[in-house]
Amino acid sequence: MNGQGILKGMLVTAKNFFGSYVSRERLTTVSYPEGGNTIKEQSRNIPFLVFDGEDPVAGMRCTACQKCEKACPPQCIFIEKDKDERGKALQRPKVFDIDASVCMGCQICVEVCPFESIWMDSNFELSTFNRFEGLQFNREKLLKSNTYFHKIHPQQAQASDDRLAEKERKRLEREAARRAEKSASEPQV
Amino acid sequence: MLPLEYILILSAVLFFIGLAGVLIRRHVIIMLICIEMMLNAANINFIAFWRYNPNPELHLGPLFTLFSIAVGGAEAAVGLGLVIAVYRFYNTANADKFDMLKDS
Amino acid sequence: MNTSTGYAPRNYKIVKHKDKTLLEVAMGPHHPSTHGVFRMDVKLDGETIIDLIPYFGYLHRNHEKLAEDMTYFSTMPYTDRLDYLCSMTNNWAYALTVEKLANISVPERAEYIRVIIGELTRLVNHMLLVGFYINDLGAIGTPLLYALREREKILDLFEWASGARMMCNYLRFGGIREDVSDEWLASCNKLVDAFPYFLDEYDQLLTGNEIVISRSQGVGVLSKELAINAGITGPMLRASGVNYDLRKTDSYSIYDRFNFRVPLGQFGDCYDRFMLRLLEMRESITILKQALRDIPKGEIQSKVPPVLKPKPGEAYGRIESPKGELGFYLVSDGSVNPYRYRVRPPSLINLTLLRDLCIGHKLADTIIIFGSIDIVLGEVDR
Amino acid sequence: MIITFCILSVFIIIGAVSTIRLHNIVYAVFSLMLLFSAIAGIFLLLMAEFVAVAQILIYLGAVGVLILFAVMLTHSVTGSSGKNIYSNGWGWGLLLSLSILFATLLPAIYFSDFPSDPAVEIIEPSVKKLGMEMMHSCVPAMWLIAILLTAALIGGIVIAAPPQKR
Amino acid sequence: MQDTLNLFVMNIGQWLSANLGTLNNPDQIIVEIARWLRTEFGNWGVVGFILANLMATVPLIAVFSGCFALTTWLERKGLGRIQNRYGPNRVGPYGLFQPMADGIKMLLKEDIVPERADKIGHFLAPVIIMIPAMTGLVFLPIGRNIIAASIDSALLFFFAIGSIVSLSVFMAGWASHNKFSLVGGMRAIAQLVSYEMPLILSAVVVVMFVGSMNTSVIVEAQQIKSWVTSDAPALQCLGQVLGWHVFQPWGLMGFLLLFVSALAEANRSPFDLPEADSEIIAGHLTEYSGFKYALFFLAEYVNTFAIIGICTTLFLGGWNGPNIRPPWSDDPQALLIPGFVWFFLKIFVLMGIMIWIRGTLPRLRIDQLMGFAWKFLLPLAIINLLVAGCFYHMEWYFGWPFSILILCKSYAIVVRLNKSKLVNSNRTYTYA
């Protein structure tokens, strides 16, 4: 109990006290509204749906295949298929609800989606005044343009565009190959 | 100014209440407290007579009161020690129950 | 002696015990230093503890039953919530078990990144334990906030790699979800080089401190035999001097490539457990340095069918999580979701000894002993 | 002078009576504290400054706390005692103390004549003189008090300590 | 009433012009204003009499409550910076209005009294804790003759008043009928009573040297008279500083003992067991909320100020500081910098040290706390008393080495005695 340990400890706190005025590395507080935020490129919060072009509903990538609805652990996605005027099922969700109060941002829906249509948004200021309507994100609230996607996740957006372009190219090739093979079979008859 | 009789009456009344307390109450600690009260009544008298004494610079009153306060403190310590020891044996602080010596 | 004065029932009970009257106090779920919702019913004679009954289960979320009707893949984010302080080691243990069950191989680079992430989580966990332990001792937050300051840097790395700070959900069966960029590895290197400086500062502040020494030495002594019989694992076991570290014995994944040492305590009291965490942090840094030095390039996830249907059978995978031996036991009946999903939580098994360690100590010591056992209620109650 | 004296004596009477009449022991001790501080006020009034300080320090600070501890040790935590708090022969006790008060004390004061105001107007309070006096003329008394205090405290501890199992 | 008022105002103007012109004694400004006010109140009859008495105590309460507000801000800023974060910086510039915000919050908070607590004790406890806190300030000599009451046995009165704190803390603990606060109350009594011994014994050393318990006499004695009256300004400054008791060997040991027991008496950091928030929630303050809690808080801080004030008066030379005689003034007693500046500077330095200690050290356990008081501080205080006695009678060349040797030796011995056998602090860790 001869007090040296205590004095050494006191020196450390003194060093930190004066250090916090001097070295930026010690004072790591980010004062939130003014000091800006530390959102990284990959940080994720609540999913959103991507659409190409101008009209959100027309350019929507999602084809309501309901894979994400089945895979979502807390079951917070609800999808209803769209029907055109004659009652034939359309490849588009009429209702696409995500219950933001249940969603835990685990990004499983993004991995499961074959059409690269659902991605994670990094905007975290989602506070609303009522728990029910405010946090039920319907289709209109979820749909965001591809340019927005490029703005928040540049690399991911670029990679997904390349994959889509690649798929498009392969489909056209198959299309051309089938047309070529059909045209090759037709002239003999 | 303040006649001496008033102070003496006050200490007498305090002494009476202390004595009454000892005789009336059955709880041991309250009896000890009342003894303290009687002691304090005596101290008031010491100081009162010293104050009205023609040559108070002898400081006999305060000296004697200091000694009596010291004795009062010691007595309280020993008294409470006894109370705790007796309580541990009898498991009650009620003075009427301490009748081990009575030949009932 | 009739002491009830006709009021509503009192929030404490006077209990007769042999000849003394004891005060039974509920160090209830709403107590500032129980690291979450945990209740200890303590019988006090003055300040010394006569008897202690732990109550937990306040945070039970039915994790294992939930996992039985979800696919293997969907349970992965739930394993983050087990020991919410080190989420990635839970993912790793779960992924390891599923890989053993469906014998999926893991590429080199993924193994290295898993080791790096695992050791970073060990740093985070040990820092938090030391910080909260000293906070229970009474230093108003200073050591805790130094630890939190360093933890922030590591959490930024996690967010950069996996997208979330604590609930990372980053590991997949057969590898990792996303690759890690080179800048990430560079900043990880910078952090690992700067870390020992923080540890020296911590040593100077705490280990020599007379009050810390007198408050925690000789408190809550755990003997070797009792530790082994009670199935204690992790730093608490090594503090009593038993040399049992899964990274050395099992040498799972690629731990046999790194040479690092395992510190052992001498007396097994609170001070040893506290010191052991500090020494283990230094060992983790040596592992991190070696891993960061020779991490190869390459793909990060082996081919895995999107909907995993492992053959019927069972597997038990375990890793050395910062709190002890974290094990997952999976029984699959060939269908999409597991037949039985069981977690071996190190915190719960270490907690069973709380009563034996606390009897006879002061009220203030129970908080210290409870703090040194390193409990996270998410893992205890599942 | 008279006004302060009356206030203090009212406090003294209230404190003393409530110490006896109160059922709850802990309240009785708190009223005892009030009594001791009023007595210290009286000492200050009579210009015995050092004695007032000693009274506060010893009685209020130490003996009062000692009694509180004793109450805590001997009582349940609530501190309130049973219904009837008076010993069974309490009427006779009251009669005896009343007779002592009116037969001996008050007549003694009434018949002997005392000076109506103090001979010396202001007494110069000096602790140094008191100290000198104590060290020169009353040294044997000091020794005696020292021995008595140590003996009393050690005795008190020995009695109160729980019996150690040999 | 109207004419007396403007008569009063006119007098002030005329007095100021007369005195400020020939400011020959800046140190005594407040004293002269007070004397002038007292003469002014003299002819106001009973109201004047009451005002004259209030003039001694009301500024005292106002100033030290202001210091309390400043210290809460200082404490939160200091602790924040020690922990590498900003202290409060949202309320006003650099968070300066934070104490006000806390005060208003405390006022608006609902004052919950637990249903099973007995109302009288619960209500009286904060009242009774305010008495010793405020009366303790009366004996502090803030300036040269700026002191509320310079009683002959001022120091003993201070310690006597200080011992009432334990009573009110127990009442708070016992009255709120909560198991944790009862444990806190019992701990508080044990700690306060057992730390009074070293507190008083380490203060007795100074009384032995100065020969009187009057605080202003003690402060007067801490000047080297010959140097102060000499005319070289450097010598005057040194005269007022080197005279402090802390520069004597026994004085330094006495100061350290007094400061450590002051930490315990004011329930500050390593000894804040009564309201140990990690073990027994807030000890005797658990069931208090709203303004009663603020009263406890205020009383605790003002009690800390009182005890630190006594530390500065006894050992650091209350209002003595390196100030010189103003060249333009004629009377030899004049000083340039007013005394209370030094007094409050020293108080805030000691308060800063307490905050620094609070930011670093963990808490002792109750039995170690008792052991520390009885087995560590008390013997050292008694040895210090003996050494000071010999030092008083020895020549300085004998006295200094003798006392330094004895004090260091006794410190080492007491430390070795206290090092308990089973604990060996240097642990070796084997690596497998």
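Should a chain be cited, it is by its letter among A, B, C, D and E, assigned in written order, with residues numbered from 1 in that chain.
Operating definition for what follows: a contact is a pair of C-beta atoms (placed from the backbone, for glycine too) under 8 Å apart; a residue touches a chain by one contact, two chains touch by 3 or more.
On a predicted model such as this, the values are computed, not experimentally measured, just so you know.
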item: Co-neighbours of subunit E and subunit A - touch as defined; value: C
item: Contact network partition after subunit A is left out of the picture; value: one piece
item: Steps needed, at fewest, to go from subunit B to subunit E via touching chains; value: 2
item: Chain occupying the middle, per Cα centroid; value: E
item: Pair of chains with maximal C-beta contact number; value: B-D
item: From subunit A, the most remote chain by mean C-alpha position; value: B
item: Between subunit D and subunit E, centroid-to-centroid distance (C-alpha), Å; value: 31
item: Between subunit C and subunit E, centroid-to-centroid distance (C-alpha), Å; value: 46
item: Centroid distance [mean C-alpha coordinates] between subunit B and subunit A, Å; value: 84
item: Multi-chain contact residues (two or more partners), subunit A; value: 1-2, 6, 9, 12-13, 16, 26, 28
item: Shared interface positions of subunit E, touching two or more other chains; value: 82-85, 359-361
item: For subunit C, residues that touch 2 or more chains besides their own; value: 1, 23, 142, 146, 149, 205, 208-214
item: Parts of subunit B lying in touch with subunit D, wherever the complex brings them together; value: 1-10, 12-30, 32-34, 36-37, 40, 43-44, 47-48, 50-59, 61-63, 65-67, 69-78, 80-85, 87-88, 93, 95-96
item: Residues of subunit A touching subunit E in the complex; value: 1-2, 6, 9-10, 12-14, 16-17, 19-21, 26-29, 31
item: Touch list for subunit E against partner subunit D, complex; value: 118, 120-121, 124, 151-153, 156-157, 159-161, 163-164, 166-167, 170-171, 174, 182, 186, 189, 193, 196, 211-213
item: Residues of subunit C touching subunit E in the complex; value: 7-8, 10-12, 23, 25, 31-33, 44, 47, 134-142, 145-146, 149, 205, 208-215, 217-218, 243, 245, 248, 261-267, 271-272, 275-276, 279, 362-365, 367
item: Sites on subunit E touched by subunit A in the complex; value: 78, 81-86, 89, 356-357, 359-361, 376, 412, 415, 418-419
